[in-house]
Amino acid sequence: MNKALKNAGGASVDGRLLLSMHRTMLRIRHFEETIRRLAASGAVPGLVHLCAGQEATNVGIIAALEDRDFIASHHRGHGHCIAKGAPVEGLMAEILGKASGMCGGRSGSMHVIDMERGNLGTNGIVGGGIPLAAGAALAARARGSDDVCVCFFGDGALNQGLLHECMNMAAIWKLAVVFVCENNGYGEFTAIDDVTAGPSLPGRGEVFGIPSEMIDGMDVQAVYAAARKAVDYARAGHGPSFIICNTWRFGGHHVGDKQEYKDDEETRAWRLRDPLLRSAKALSAAGIVSEEAIAQMEQDAISEMAALADGVRNGSEPAAQTLLEHVYG
Amino acid sequence: MAKPSHAERLELFRRMLHMRRFEEMVIRLAQAYEYTGRQHLHIGHEATGAAVAMAMRAGDKIHTTHRNHGYVIACGADPGRAFAEIMGRRDGLNGGKGGSWHLCDAERGFQSTSAMVGGSIALAAGAAFALKLAGSGNISFAHFGDGTLDEGVAYESLNIASIYELPVLFVCENNSKAGQRPSSMLAAARLQDVPAALQIHCELVDGADSDAAQIAFQKAADRVRETGKPVFIEATLERWPGSHQVKAAFPTGVTDLSLALNLDKVEGKHADWIKQSDPILRATRALIKDGVSDLVGLLEMDAKVNLLMEDARSFAEASPFPDASVAFTGVFAS
Amino acid sequence: MDESRLMNFRDAVLEALFLEMRADPNVILVGEDVGAAGGVFKQTQGLFDEFGDRRVIDTPISEPGAFGMAIGAAMSGMRPVFEVMFGDFMTLCMDQLVNQAAKVRYMSNGAARVPLVLRTTMGTGANLGPQHSQGFYAWAAHTPGLKVVIPSNAADAGGLMRAAIRDDDPVLFFEDRLLYNSSCEIASGLPIVPIGSARIVREGRDVTIIAIGRMVAFAQEAADRLAKDGVDVEIVDPRTILPLDEATIVGSVKKTHRAIVVDGAPRAYGVTGEIAATIMEQAFDWLDAPVMRIAAVNAPVPVSRSLEPLVRPDANTIENAVRAAIA
Amino acid sequence: MPQMNLAEALIDGLIWSLRADPRATIIGRGIAGHGPEHAAEDRLKQEFGSRIIDPPTSEAAVAQLGTGAAMAGARPFVHYGTAVFAYEAWNQFINEAANIHYMSNGQLSAPVTFHLFHGIRGGGGPQHSGSPYAMYANNPGLEIVLPTSPRDAKGLMRSAMASNNPTIVIQNAQLLGLTEDVPAEDYSIPFGKAVVKRDGRDVSVIACSRSVIDALEAADILEKEGLSVEVVDIRTLAPLDVDTIVASVEKTGRMVAVDETYEICGVASELIASVVTRAFSALKTQPVRVGRPMTPVPFSPPLEAAVNPGTQKIVDACRRACKR
């Protein structure tokens, strides 16, 4: 159980860690599946953006962090919250706008903030989390602490001036930030190639002297290995890194998006690269756990999430008299 | 491209002299009138500005930053109306509403000067977009300083110019000083690395060398016209010691062309700048050395320019302040 | 033993920064040229020498990124004072201000907070033109989650800055550059002035002038002139626009039965409209005349020396308005 | 006369504008939203596909792309899906587009149209429900247009595209499905003309955008109580037609100002301040404001409903104004 694994990319991950990452990915997948069903039944107010397909980037990166470290997420951020340890019932309740939600029904899917676990929040503004993450790193520097902060953003944010500004400042001040682009090929409904200039995406970080690499975001071991390196580099005071994880969202931009802009062939090819299939295969091939045990893990995740759905759906709505609370302290 | 002809070199120098004598007069006006607004003088940048202006054709557009006086003069604006604007007078280029920071002479393609850092670069991309739509074959020019690349909007605009193949020439005047506190805090090793990462063709030129600048900007503008794609030029400049004027003054003295042949006589705190970095003196030497003109000829030209500036000053001084009622007009176009 | 001192506006705010930075190691200063350069208006001189580059941080010209970063630092335990050189550049920070800073506490149901001061300069009178003179506090006051402070004198400026730094919510602190050299007596220790309390600058019976920031001084000048003709003017300085001390304002109007609201920023959809509407809603039956508004005209701020002063009110316009109101 | 929903009418106005002026160009997509009315955009794509570009997520530069192009002779229409995203382009709207005509003393103008969706839209939460138009209107140099019916949407869009000024057409997204007969031919509706949507005797409700629809509903309810409510739609925030509003208030003697945005420094405050100054002596009771309370828009449906200044709050305000 404790033996080291080697995958095709050469990344090696401790067996127990891989198992735990696989379990977290399963929980995210089935959490999202539950939300999808709830949304389809009309139980979710507003728009909801699911991350199914991108679990490896969520989990592989956050597995390299310690509890005290920070993350800042984006609108497709349920997986980040779960990987950082958010209680799934509270998260689900928040997405449904319930009183028992992590933010009392104020934030919904796009603004879940979990300060207790160093999560600066999912964010409704493209690129909005980037300076928040850099700020957490600035605060760590001012405190003299070696806490690290990861900021997640999508490929759409690559063309935001904020990213350019924050990479520059993180570089000149050697802030402990890891910039993680989850590149799923589409910013909302627009293909990345149509709007993103330049010969190479890592080049956008390299300009500032930031170590930058593009990796397979469907391989949790490769993601973890890149994150381990970047987090250690940041913690040692060397400054920021930039990781571009090529990945794919199995769903649309939001639940209900018909995805007419995507090519069917491409979609099928990415489906075959499902990060869960890949880690399951690695686990059983290395003899860490049996296939039956892996299947059981999946069943457990399904049951865990499905069991929550009804209770959360029937949970009480926040009382109107709480409306004005917490505008100010 | 062919080396510029003697006539073209003289024309460039003539424009540079206009720019220099204009700014010197601005200093005198500021001394005389205790003018309270601020201005950012373009002294030391004349070779770049004149070369850009000469690369422009009728119908081209330019957007600049607040260090704009030189450009508007190089583009051929009436210096009297420019002085009047800086003094907030009725006959100013903008009728007194814009002032030093927002000079505008749309007839000459001098679109606007934005005092918001990053403003000019994005507006020029927009102008290029319109020119491309109109299919006129015209191009636009964006003038900005090295600090502009710190701004996210600059990065966004470069990306957009690259993906849409907009005909815009980005003119970056880099006057940051190595070893001093930089005006630019960019982590990039070279300014050009930013546009290069976005697949924009880049060139570097010594911005104080008028011959080099004239060739480089002409070539770059030709390239933008031919390919329809953006080009980025970084012009390196040594900052003029009076660049940030709190009190109007002549830290390097009033320009004296004859010093070009007597550089050993130059002394004082800023001797290095005068000897090595003043584009006017450098051009004077080169023109004489290459036999394009002699000192007497250049001094004659200079005397004419000085007279012109005196007249322009008188014009501006005679211009009254605008009538109060116009403060409230022109907010909206009709 | 408590000796007061004569101090100008700029120095009072600077002293507030020294006091608060000494008292709390989490207070940091972030902005363009705030460090070794000491600020473009000499408003941060000496801070860098005492507190060093970890706490006095010079940023690139990257307002959105740097301000967003200050918000992130505030969420993570710091108390940043973020400086925007000209209030006009606040436009560059709007997304961070409205979509992040103002909402974080509410969105997190109180779990996260943004104790931050955005300090910026504004004001007409220096011929700086349309992009360097604007006062944008009406937008901020239209944004729940923010607090908006506009001091009119040195003592309030110092005292309110101390309160702003100690506040657990984002506070916008607008400083009129034309007040920087104006001095007043300040009590020893630079007393804290609470946010949200108006000050009655001058008591009177005939008419209430509610004046914002630098307009207070113009109102005083007008009141002095009017007093010679037996007109007794009361002046209220709200000091804080959000939260607005409605009780003091409405109370004063109920006493005088007439109100004039004076502001140096544009009238349309601005602070004068807000205060006028509040008075008309809450003191309608006490009013002998409609509330008058005097504010900047609906035009950008021109540079010209002859045009610029016409844009905003001064002592003459206020005096004329009072005479019209009591006629 | 064909029936159109508001989204279709908006697109129709744009199509007429593009037909009329070859300099007109479209930057952005999703102009008819992403809701059930989104297909309205297809007509535009079919006829003018080559004049539409789809920009990167670079709000600031895209605003400036439109403004710079307008200054150089184009007539761009720039679409931002959600008004709050345009906070990132605030500087470009306020410091560049709004100022340029004045600063240049009329040498240049910026005939650019910015199109935004605003408002409480159902689950939009704190960052997607913003209505920043009062903030825009605080700034000189911008025209602010808020269509509330398909007919208005078409005619006002046509005026926006023909205007020589930077114009912000800011549309409550929940109104996109409103349907009525709309003239098929080309027409425009001028800015600065408020419209009396419903005649009444007892109280004037002055409203804009979504609140106009809510006010009309409130008027129906109050009619049954014997209260006759006049409803005025101001249609453009800048220029503001104070004359029409004053005339209405002088007629009824009572005023309720309603707007979906925040009360403080919002539209309702400005309406009261500017109208009451002129109609003070005609007023029988104090004016009443109805606006969004000062909290971010919460996500949860019952909380969201509590911040929306909807029909019931307008009914209550009218009763208060009439001392009932």
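Labels for the chains are A, B, C and D, by order of writing; each one numbers its residues from 1.
Methods note: contacts are C-beta pairs under 8 Å (C-beta built on N, C-alpha and C of every residue); 3 or more make two chains touch, one makes a residue touch a chain.
Computed from a predicted model, the values in this text were never measured in an experiment.
Asks: Given the touch definition stated above, what is the smallest step count connecting subunit A to subunit C?
Replies: 1
Asks: Which chain lies the greatest distance away from subunit C when centres are computed from Cα atoms alone?
Replies: For subunit C, the chain whose C-alpha mean is farthest off is A.
Asks: When the contacting C-beta pairs are counted for B-C and for B-D, which pair yields the higher total?
Replies: Answer by contact count: B-D.
Asks: So how far apart, in whole Å, are subunit A and subunit D when each is placed at the average of its C-alpha atoms?
Replies: Each chain reduced to its C-alpha mean, subunit A and subunit D end up 37 Å apart.
Asks: Report the inter-chain centroid distance for subunit B and subunit D in whole angstrom, where each centroid is the mean of the CA atoms.
Replies: Once rounded, the distance between the two centres reads 42 Å.
Asks: Averaging only over C-alpha atoms, locate the centres of subunit A and subunit B and give their separation in whole Å.
Replies: Here subunit A and subunit B have centroids separated by 48 Å.
Asks: Residues of subunit C that touch two or more other chains: which are they?
Replies: 59-60, 62, 64-65, 88-89, 92, 95, 99, 103, 106-107, 129-131, 144-145, 297-300, 302, in rising order.
Asks: Send over the residues of subunit D in touch with two or more other chains.
Replies: Touching at least two other chains: 55-56, 58, 60-61, 84, 88, 91, 95, 102-103, 125-127, 140-141, 293-296, 298.
Asks: Give the residues of subunit B that touch two or more other chains, as numbers and ranges in rising order.
Replies: Within subunit B, residues 92, 96-98, 102, 114, 116, 150-153, 156, 159, 163, 185-186, 331 contact more than one other chain.
Asks: Which residues of subunit B touch subunit A in the complex?
Replies: 150-156, 158-159, 162-163, 185-189, 193-194, 197-200
Asks: Quick check on the complex: what are the subunit D residues that touch subunit C?
Replies: 84, 87-88, 90-91, 93-95, 98-99, 102-103, 125-127, 130, 132, 134-135, 137-141, 237-238, 240, 257, 261-262, 264-270, 272-274, 276-278, 280, 283, 285-289, 293-296, 298
Asks: Within their complex, state which residues of subunit C touch subunit D.
Replies: Listed in rising order, the residues are 64, 88-89, 91-92, 94-95, 97-99, 102-103, 106-107, 129-131, 136, 138-139, 141-145, 242, 244, 265-266, 268-274, 276-278, 280-282, 284-285, 287, 289-293, 297-300, 302.
Asks: Taking the complex as given, what residues does subunit C use to touch subunit A?
Replies: 26, 28, 54-55, 57, 59-60, 62, 64-78, 95-96, 99-100, 103-113, 144-145, 147, 168-169
Asks: Which stretch or stretches of subunit B touch subunit C in the complex?
Replies: Listed in rising order, the residues are 35-38, 88-89, 92, 96-102, 114-118, 147-148, 150-152, 181, 184-186, 321-322, 324, 326-328, 331.
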